[in-house]
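Read through the structure below, which is laid out as structure tokens, and then see the notes.
A, B, C and D are the chain letters, set down in written order, and residue numbers restart from 1 in every chain.
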Amino acid sequence: MSVSLRRTDEQRMLAESVRDYCAAHCAEQVRAAEGFPWPFWHGLAELGLLSLAVPGEGAGAGEIVTACAELGRAAAPGPIAATVFATHALPERQAVLLSQGKALVSLGKRPLLPWAPLAGVFIETDGDGAWLADPVGEVEPVEMLGGEPWGRVGLRLAQALDRVPTARALSDLALAAYLWGAGRRLLDGVAEHARTRIQFGKAIGSFQAVAHPIVTAGLALTSAEKLTMMAALAMDEGHEDGEVLAVSARLSASRAAVGAALTAHQGFGAIGYSVEGPIGRVAQRIRALATPPGYADGSGEQVLAGYFQKGRP
Amino acid sequence: MSVSLRRTDEQRMLAESVRDYCAAHCAEQVRAAEGFPWPFWHGLAELGLLSLAVPGEGAGAGEIVTACAELGRAAAPGPIAATVFATHALPERQAVLLSQGKALVSLGKRPLLPWAPLAGVFIETDGDGAWLADPVGEVEPVEMLGGEPWGRVGLRLAQALDRVPTARALSDLALAAYLWGAGRRLLDGVAEHARTRIQFGKAIGSFQAVAHPIVTAGLALTSAEKLTMMAALAMDEGHEDGEVLAVSARLSASRAAVGAALTAHQGFGAIGYSVEGPIGRVAQRIRALATPPGYADGSGEQVLAGYFQKGRP
Amino acid sequence: MDFGFTREEEAFRAEVLEFLTEFRGMNGYFHRGTDTAYGVRQVYRALGERGWLSLSWPEEFGGGGLSPAYEFILWDELAYARAARPPMGPGLVAKALMSHGTDEQRNRFLAGLRRGRINFCLGYSEPDAGSDLASVRTRARRDGRKYVVDGAKCWTSNAHWSDYIWLLCRTGAQDSRSRGLSVLIVPLDTPGVSVSPIPTLDGGRLNEVRFDGVRVPAANRVGAQDQGWQVVSSALAVERHVQFPPKRLRRDLHDVLAALEDAGVAGDPVVRRRMGQLAVRVTEVEALGLALLGEVISGAPSAVPAAYHKLAGTTLAQDIAHAGLEFGAQQALAVGTDTEFLWRQTILETIGGGTSEVMRGLIARQEFGLRA
Amino acid sequence: MDFGFTREEEAFRAEVLEFLTEFRGMNGYFHRGTDTAYGVRQVYRALGERGWLSLSWPEEFGGGGLSPAYEFILWDELAYARAARPPMGPGLVAKALMSHGTDEQRNRFLAGLRRGRINFCLGYSEPDAGSDLASVRTRARRDGRKYVVDGAKCWTSNAHWSDYIWLLCRTGAQDSRSRGLSVLIVPLDTPGVSVSPIPTLDGGRLNEVRFDGVRVPAANRVGAQDQGWQVVSSALAVERHVQFPPKRLRRDLHDVLAALEDAGVAGDPVVRRRMGQLAVRVTEVEALGLALLGEVISGAPSAVPAAYHKLAGTTLAQDIAHAGLEFGAQQALAVGTDTEFLWRQTILETIGGGTSEVMRGLIARQEFGLRA
């Protein structure tokens, strides 16, 4: 076998550095900040984490997935997957603004775009193509589940972007990894809770009614993790299935992370329902990120079609 | 409250008489018989169970549901729901053949109809209308999951039938009740097994991993049971929602019975996988009866539409 | 569809609907608006003025002496209108006082409860006693004609605007489990009681209620000392038919369908099929609710039907909410929309008032004889 | 898509596909045809002639000395072709003999196993020992240089055409649980052994194997007396990567899709969406399978990845089958179609080889530290 679905030594080092940075600089206040935590974001840029997807930089999907998983585990704020997309697809002049952390990107479809109130670069996408765009008029802020700053905005398309299919695949992988990490954070939290919370004279995790749903959520997360790693390897090797695997990974991680969030809520009970509690904000972020841009975005069918082509009769 | 979702005293007596009859005459050999058990069927006719749906006979949906639930619990063979449909919709001359147990009815859509190899009366339905029909040429027997005798057959439509919407609602209720009864049989069986089968030094039912799925299946069956009883009362009172509730009951009982069958299989383990075992044949019958005649039969949407009309803004 | 009620009961429903026109836009079923506490108290007072908080109380206590079906209709319609949930005082507390209270206690509380002028909250859960109420630690020590209460309750609904707390506390030995508990009625303005907010994900609040040397007259104990578990259990039993009004679900489904229509996807075959399946499940819960009501009316033990009803209803509420976010696209995420609100709100439904795990355990034991 | 293998490994896959052209139409993965037993033995012989039953055996035992990736590819492609499952003999039994057997035992069995000329079945389960193997009761009493075996095994696959049974039996005290078990190799033609069929819902058969005073040479014991649990556990560990070949699922999905095309519903949006979701899950299991293979190659402990893989794969097999019946309309019920056959067949997948409940318990303990 030429590949293993384990991290390479280099990826382990990258993961550790991201984890250390987040542990030091991504406290609860940063995650919940009303204003955007620019110093945290600049630090990501200094670590090179915002330029992993820049063409020709030598980093690959494996590194993107590794870094985003740790950012997800830290529930780090910011347009992380969108930055992956944009830095891969934009011309160098705009890409560098983003990879250096000097501006944020808003990537979406009118009228409602994520990060629009804070963005310096706008990209509209219809699922197939993507265009650099200029905002028209004021951005009207909209409060959204998950706490990210969205806005209603008019756009004038300025320039069609290149490398869109690869950019989309890389950002699908970034989102998959982030969701996996965030889901894993919640699942590890509820497993710890289940080991220590006593009811009826014993740890609640010794009840199968509590333990087995944790296992089910763990299965979904592990499935998503392995599929994401497999898809990243496929992208890095230029395998013809790379893009279809990347969208599969996003769908898989979305389902898994939402499942982990709900399992964590049920396991934590009322403790988890407090705004100040251990899971609420992250669960909401997961739910928001897992919501597809348009439900009928055809991702499932795309996977099916891709899969079908491979079938031998 | 003018109604209760409990059986009336008369219904309890009816249920007991059906149960007693089945206990005496519907042994495993009858259920699994290669040839059709005519004596058993004639006995049902003598008890009046095949004429419950004949217009003007005084019996109502409540009696149909009561009797069919017990027939389902006994896993009794025969075109039970189809007989309900046919005896309600057919002109008296044909209906009497069926209600006296002198002929069996095949109700379905070309080319593949249930009970065709044995049927003396054929009815084709397209979901809206229904027609008495004459077979054309030979019936080609087809072996089907569930063990009922099906056949490929040509039909020539002879006569459009009356009272089709009510006939369909009554047969939906009959099928719902039969499925509920069959599902309950399996669930009661696996619960008994869980109370008595010892593994790891205790009854397997003391593991929540075994017990809670039984509860989940019990919830679905009880939901279907209550909905079926409610729908029967609605039909008997001529409530405008009767038909939409009847199709809801069929969908509900189909889901519940299939769930109970799968729960029973998982709980019985290898014991249940034997052909001679306690559940296999009944589980297959359930799966077959729960399979809609055409998956896109619109039942779900019909319910939704009916439900919607009742909404207050 | 409303089904199974008498002509008189349906006439009462019409009155309720008429009453609700006064409270259109009121959102007291959930903790959604900022004026919830004030508004809900107004609803309760208005209900009290009509005698609707005591519909099924025996006439000897000033009640209507009517079938529980009337209560069911009332709270079912208030749930559909999102106006209010059944209050603890005229329900659980009043009925417990009727069976376990002294004449003095009945005289002191029942009139005010009936009129909607006194509000109670329930002091059951504690930081270490959530699902396992028998491990309650809040201690009431007898001191002459008073009890001295020390401890803390948490996740207490409505404590910040109630007049009294219905307190389950320990009067027996530390390890006496359910055999050493008593119920005390404690005025929330007693010195030593402090209420602090626990903001919740639905935008509302629960409360922590601390007791620091709180002196409570022994005359405020309901039932015998150490018999609190019986008081609490029987009180629960008489309110089962209004705990989860099924029309709450019908309204949820209608709200989500409206959002999907706005999003332009209500006609999509995948959406229609899923919503049709959810609609079938709503009718299931309506049937379970009717069956439960029938059990309560007949006086039959109803723990299993109540557990089935709660399990089915709360799970379905979550599934309806999830469909809203799955199909509603990103506009379903905007804060304040029904879709995202229901997602946040329904999380608590399978936890509060007995978790789904506890419900399943009860059914496993009582219906199936499985000691799991 | 096949992914992650070396050029040499892919070249081997091409050889396997070429080999399979000889066995097109062979249906030995399932117990579907009447000629299964004969046919499967032919496949094993043909594989043995090519040295493909011993791909990863060390060269010192006459094996290929190749990576477990080769075994994985072989059985994955045979699963897609529905040709055969990995036989117990050259897999589990041979590898256990390499670690726990005597030189005499290796000399006696390995060559025949490698060539596909000897077939073993596994004698583990008993009527009262299904999930709980430590409660095995079949008893082997030492009598000089022999053991005398009494008892019964049941649900034993392939016993009716195997040469030997790999017997887990009790040599210690009745209550010795896993500490008092031993493994014996018993020729199925030994006097006192009787095999009777248990017809199963997939149209195949399992067997009951009874032992009535069966005399087995002590030289047939594998590993030390009372150390059978260790033999069985370590033997299980080395075969995890081929126990549930993921391409079995890809084939299931293809077969169901073909049936839905025949039924004229493959283009329906509801069908397409569900099948798309199932396709994503198939790729998940393929990824879990690759990850498991990587663990086996690296020599890491792999019980948790194997349990995840089995749980995911077996549950998905059932869900694919259920979709076939849900969408395939009544023609999906005709006996002999892939749809109805898969519905019957997949029922056993979450039961045999460790139930889903046992898998979840293992993961709960080993991954999450939950003693449930």
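Keep in mind that, in the parts below, a residue touches a chain if its C-beta (ideal position, glycine included) is under 8 Å from a C-beta of that chain, and two chains touch if they have at least 3 such contacts.
Keep in mind that this is a model prediction, so the values were computed, not measured.
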Label of the chain whose CA centroid is most distant from the centroid of subunit D
C
Computed distance of Cα centres, subunit B from subunit A, in Å:
48
Subunit A to subunit C, mean C-alpha position gap in Å, rounds to 38
Can you pull out the residues of subunit D that are in contact with at least two other chains?
268, 270, 273, 357, 360-361
Give the residues of subunit A that touch two or more other chains, as numbers and ranges in rising order.
207-210, 212
Looking at which chains touch which, would you call it a line, ring, star, complete or other?
complete
Subunit B - residues contacting subunit D, complex
108, 112, 142-146, 150, 198-200, 207, 209-210, 262, 265-266, 269-270, 273-276, 280, 284, 287-288, 291-296
Complex interface listing, subunit B residues touching subunit C
1-6, 191, 194-195, 203, 205-208, 210-212, 214-216, 218-219, 222-224, 226-227, 229-230, 233-234, 239-241, 245, 248, 251-252, 299-304, 307-308, 310-313
Show which residues of subunit D lie in contact with subunit B when the two form their complex.
125, 128-132, 135, 154-155, 198-201, 206, 265, 268, 270-271, 318, 325-336, 340, 343-344, 347-348, 350-352, 355-357, 360-361
Write out the stretch or stretches of subunit A touching subunit B in their complex.
207-209, 212
Of subunit C, residues touching subunit B in the complex:
1, 3-6, 9, 67, 69, 80, 250, 253-254, 257, 272-273, 275-277, 279-288, 290-291, 293-294, 297-298, 308, 311-312, 357, 360-361, 363-364, 367-372
